[in-house]
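Structures given as structure tokens follow.
Look for chain A in each of the two complexes below; its partner is chain B in the first and chain C in the second.
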Partner chain A sequence: MGDILDSLKEILGERWVSNRPEELWYYSRDPGVLEPHRPDYVVAPQTPEQVQRIVQLAARERVPLVPMGNAMALTGLVIPLRGGIVVDMKRMNRILEVNEMARYAVVEGGTSQGALKAYLQEQYPHLRHSLPDAPAGTTIAANVALHGQGRLTQQYGFNSEMVCGLEIVLPTGEICRVGSPSLGPHWFSRGPALPDLSGLFLGWLGTTGIITKVGLRLYPNKRFREVEIFVTDMPELVPEVIYRLTHLELLEDMTVWFQPKPLMFKDNYHVTIYFTGDSQEEIEFKRKMVWDALQEFMDSKDGGFMVVDPLKPRLLEMPQRSVAEFADVPRGGGFEYSGPITLVEHFPRYAQKLVELAGKYDLLYAGTARVISGGHAMMFAISFAFNRADRAMMERVKAAMDEATEFALQMGSIPWKPNFMEQKMILQKMDPVTRGLIQSVRRLLDPNNIMNPGNWEV
Partner chain B sequence: MEYVRSIEHKDVVHRCFRCGYCKFPGDYQDFNCPSYKVFGWDTYSPGGRMWLIRAWLSGEIETSERFAEILYSCTACGSCQQHCPFPRFSDSLLKVFEEVKAELVNHGRIPPTVRDYFKAVSVSGNPYKMPREDRAKWAEGTGLEGYSGQEFLLYAGCVASLDEVGQRMARSVGKTLLEAGVSVGILAEEEPCDGSEVRALGEVELFRQLAKENIEDFKRRGIKRIIAMDPHAYDAFKNHYPELGGTFQVFHYTETLVRLIKEGRVRPRKLDARVTYHDPCYLGRRNKIYEAPRRTLKAVEGLELVEMRRHRENSFCCGGGGGNFFTDILGRGEQRPGSIRIKEALATGASILAVACPICAKMLSDASKEQEESGKLQILDVAGVLAGAS
Partner chain C sequence: MLALRHDPEICKECPSPRCLLDCQYMEMGEEEARQEILKLARGEDSRLLKDCVTCYGCEEYCPYGNHPFFLICEMREKKGIYTAPRPITNQWINMTQMQGKALVGKLKDVALSSCVLPSLGTMASGEIFAGLSSSMVLGAEFMCPAVHTHFAKMSVLKERLPIVLGNFRRLGVRELICLHDECYGTFTSLAQAYGMEVPFEPVYYMDFLLRRLEELQEKLRPLELSVVYQRPCSNRWIPRKHAVAKKLLDMLGARLMERTYQDDNSLCCGGILRLIGGYKLSDEVQRRNIEDMARTGAEYCVFNCPACQETLGPKVAKAGLKPIHMIDLCKMALGEIPKGEV
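Entry: the complex of A and B
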């Protein structure tokens, strides 16, 4: 192992390699409820070439490698289940290019969501990217690698669908470019009209390579943003509300949330509707369209729009910092969520299941659904807050999450960013031919089984 | 032999979610935590520190040089506290860090430079190991007299009294106050160390001793109103002396300048220059004094005040807070906070970087010397700007 340490120091310089107890303790865990596992080393590269040399070393020595962004998936995806080297990517944080006319950016693999937001705001204020509500420090590469969603997912799909080119260090050490950057200097297409190889890396949770550059589509940033909240106490009404609103084809984003605390929100389902415009006239037109679409439900007294002004500063903030506050509701510093991707029509059953699980395991819950691609699907987040000082509560959260995943699979849903045990559940339920293909692809790309081992394994 | 670890705010530590908002300014443009910026490991971020403290309290990690370095690399700039999204405990972040440092002090597990600092203050009454009489030299030729019942005590502090850059600032402030006819006196060679950095570095007992002696001395002299040149001293007098029985009316010198300008007692000279202002953490984030220095600068005819990208509550520390000015744990290198700050100042096109803290003045002056373009930027304290740039 001493040779590996020396080799890493030779590649990165002593300063950016650590096997100190402090780093090994910290990088052995994430903020979720899964048990930690110590890495042997933590490294922080700054160039693709350094990543390449690290991967070559790991392949030669058969040492596991775990790429890490901000470690906020909460499902243990950066916990080094078999030890090895954790690769902290956050030093690779440069924004390399913005093509204004083609509306895309090229960023390094450790660039944070916040950094791109700030850069665009200053340099290209009429452009934006699909910012998730995860903390600003989460990285763009990690977000797309796990099929994250963001503020523009309702319009344009998963954030991973907005990728327009990748650079990856393959598990064998080659640096590979995917899409238009494999042919020339422009990063406008991830695949079409080529075979779309980005599918070999997106959704694989770091098991098929380390992303060192991401091309990401940008979108118009309108001058004004607005928000309305439609409230109903009938969960069965929510899919129809979403259907009517998505029919308008003019909304920025739509989420549905419900929670028992504070009491003013209890037993109600809140459909938060975001829309944008370049003029107040456009905003008011869209507002009218939204209200008109739901007028029938107001007439029947099945729902109505709530006064939203006091909540606006929080709701319009990007990323929405208040999302993190849920972790401190039980004064305990943690929350965990399972976010199956499912049909919008399943909303009432998921809502019922969440409340049932919270009661069964005596947990504080929050439910949030994000509409994807105009209603083709939604992500339903089953969230439980926990007290990190209360081991028993953390065990209850774990059990509730397992049950939520079982339920999701029964419903024919796809668990989002599943932990390693959930991945096994998925693979077991999966069509055997599909499962075999996944395993074959994995073996082909990573013959030494060094990339985030323990994940996507049968 | 290992010891029992405990801190007063131990029940807060596990509540950190490690979301990382603490590392950033409000607009996320860059990392705003100086120690994270320099060291680059999550362990050196405020959230990382909180998580490590939890491990340390539970015995999962041991006290080590690295752990001490992680704690002492914090500049106590308060950016984490400002940007932590958890309002129910964010105010406790700095207290937690201070309490752990105090534990390390209690058990003698501190970096050598911290130990040397405490020793110098204990033995010499200042961190420079200078004789007491040297403390009066800055005031020579200014006309400032020893305190003998004047309305205000002008308190310089160790850096403004004994460091060359700080002394220039002290003279500017002193002269301006005298010219405005302020009834002000100094303690000269009898001025004590206020203990602010001693406290920040965790030597709680030495701080209490210094503070109590100072409080008794100030009371004996009949001092009721203090103008502090150093925001670190201001913070100690304002926020930590009262709990030890020392309640004085405390002003930062820029607050006094604003009043004097309003009263027409200070008439700034015309200055055709573009100026940017660096918020000292102990004045801005810690004591919410953002306006006084700016209003003072805006009173100068011809002066164009421009802001750096990071300013007010989002300001980036010079790297000297929390005792780092003396212990230099952040060290040098391309990510040195002072150097980054100089680049930000140059990016505004300003020809003057105005400061209101002797520690910031020194840190930024030193960093500036190491940069190619530094000749384009003059570093002046706010009173120096009023008197007209040289």
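Entry: the complex of A and C
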């Protein structure tokens, strides 16, 4: 063990390696409900070459490696289940390139969402990326690695679909570039017209390598952004509302949410509709298209547009702080959610299940669904707030989450960023050939089984 | 159960049903108007139940105070007809529920009511409200539930208003200065229409402003501004108070510009129209209203109701008029708000 510590210090310098208990305590947990587990070391590299040497060391010594962004996935994906070395990527935070005309950026593997947002606002105000509703310190690489979503997911798909090139340190220590950067200096394509190797790293939750650079597509940042909220008390109407709105092909983002508190939100389902424009005329045109699309529901009195002006400053925030506020309703700031990717038409059944789980486990709930890729799917977040000081409440949340995952799998959905136990449930249900392929790929890429072990294990 | 004091005989004998003939949102001839109001009085189906946009105008037009609008609301609810979409209706019922969160200031004989509108409480400051700013009551426990008439939920109103009146009774205030026309209208018109006793003297805030400005006359500097005035829907419940706004503007040295939609044909701000029916009628009414304002060349658009100001303010600003609430205009005349800073 002493040798490993010395070797790490030799690679990174003393300051960026630690095995002090107070730091290991911090790196043993995330803000969710899973039990912590201590790593043996924590390191903070600054270059791909340092990452490479760390991986080579770990491979040689058969020591687990856990790559970490900002540890905000809430499902324990960076809890070192088998100890080993946590690789905190936050020092690799440079924005290496913005290609304005081709609309992409290249960032290092620890670059935060907030850093890219601020940089674009200042240097390229007409460009933006798909910002998730997560704290600004969360990282771009972690987000794409777990198929995150963001403000532009309704239009352009999962944030991982916006990747246009990757640099990864493989579990064997080689540095590999995927897509157009494997052929030249430009980061415009993750695969096409090559075999798309990005699929070997996106969705694998850090079990197939450490992402050191990400090419990310950027999109037009229009001058104005607006929001409307359509409200209905009939969950069965929500899929049709989404269908009509996505048919317009002009909306930025769309989320559906419901919660029992505060009272003004009780018993209703809220479809928050965002749209953008470069002029007020464009905004008004889009607003009318949105209202016209749903006029029939207003006429039948089954739905209507609520007054949004007082809520607008909050609704137009990016990222929104509503999640953090929800987490503190029962005091103690705990928040956990299960977010299966599913069909929009399943919304009513998920909504019913959430209310049922909240009742059964006596929990405060919030339901949110984000529409993905124009309605091909949605992410339905089954969310519970809890008090961290209340162990019994945390246990109830855990039980409710397990049941939610079981339900999602019964419904044919894909649990999003599943914890290690949920991963097992998924693999058990998976087609055996697919499961076998996952195993083979993993074995091929990580013959020493050092990368984030305990995750995606068959 | 509280019942509306409506006398169908008055409608039967009415020589000219102005309540409907003067309506700006439903067109009908004299005979049809007579038939429709009679149908309603008999409890039969009427196009009024479907077409009324809840502008409150008929409450002003009826010369007998027979409460045609409240009758429409009663019948709508009785027949299960929603004015606005059902989830919007219920949202307003839920969000205005009493939850024990009302704020009550240091009260003596007189209290200031800002209903459930914190912006009104913020405005009630400065020399005009000296000694009174801390006498505020704010919150659902003291809210006039008048907004539910827009949603034809008279049952909510009849359930909550007696509680509100009881809450005021317990406070023991002698006078309540109502900063929102809807409150004053509720306590002086709607409560009477349902035979409810009001345990205090409601004071119309513009009467209060007049009185205070007279007391502060030495500090008053004529504004020498041209203004138009946006009359709110709830002013229709208290039409006699419409003249007070004009008197106040005159006292401030604000020249009220003549325009088409000014008095008993005032137009709705469009907020409630949008909520209940969509943007088409709302946009059309707002366009006519704002064009009418802009045509006068006025510098300011003076609002009485904060909800109207929130809805219409940004749009009148785009048309080149500065939106301002009446209270702020008074403060401007006292030099508390610099001219042009609104």
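What we mean here is this: the second predicted complex is superposed on the first by the 458 of 458 C-alpha atoms of A that agree within 3 Å, B and C clash if a C-alpha of one lies under 4 Å from a C-alpha of the other, contacts with A are read in each partner's own complex, and residues count from 1 in each chain.
One rule holds in what follows: a residue touches a chain if its C-beta (ideal position, glycine included) is under 8 Å from a C-beta of that chain, and two chains touch if they have at least 3 such contacts.
Since this is a predicted model, take the numbers as computed values, not measurements.
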| item | value |
| --- | --- |
| Three-chain arrangement built on chain A, chain B and chain C clash or fit | fit |
| Which of chain B and chain C A:P21 touches, first, second, both or neither | first |
| In the superposition, chain B vs chain C on chain A residues touched | B |
| Superposition-derived angle with apex at the Cα centre of chain A and sides reaching chain B and chain C, degrees in steps of 10 | 70 |
| First, second, both or neither for A:L263, with chain B first and chain C second | second |
| Contacts of A:Q295 with chain B and chain C, given as first, second, both or neither | second |
| Touched partner set for A:F285, first chain B, second chain C, both or neither | neither |
| Touched partner set for A:T232, first chain B, second chain C, both or neither | second |
| Which superposed partner A:F305 touches (first chain B, second chain C, both, neither) | second |
| First, second, both or neither for A:D88, with chain B first and chain C second | first |
| Per-pair minimum CA distance [chain C against chain B, superposed on A] in Å | 16 |
| For the chain A and chain C complex, residues of the former touching the latter | 231-233, 262-268, 287-288, 291, 295, 297-298, 301-307, 309-310 |
| Touch list for chain A against partner chain B, complex | 16, 18, 20-23, 25-27, 31, 42, 44, 70-72, 88, 90-91, 112-115, 117-119, 121-122, 135-138, 321-322, 324-325, 327-328, 331-335, 387-389 |
| Residues of chain C that touch chain A when the two form their complex | 82, 84-88, 90-91, 94-95, 97, 99, 271, 274-279, 310-311 |
| Chain B residues within the chain A interface of the complex | 14-21, 23-24, 27-30, 40-43, 48, 51-52, 55, 60-62, 64, 66-67, 70, 85-86, 88-89, 309 |
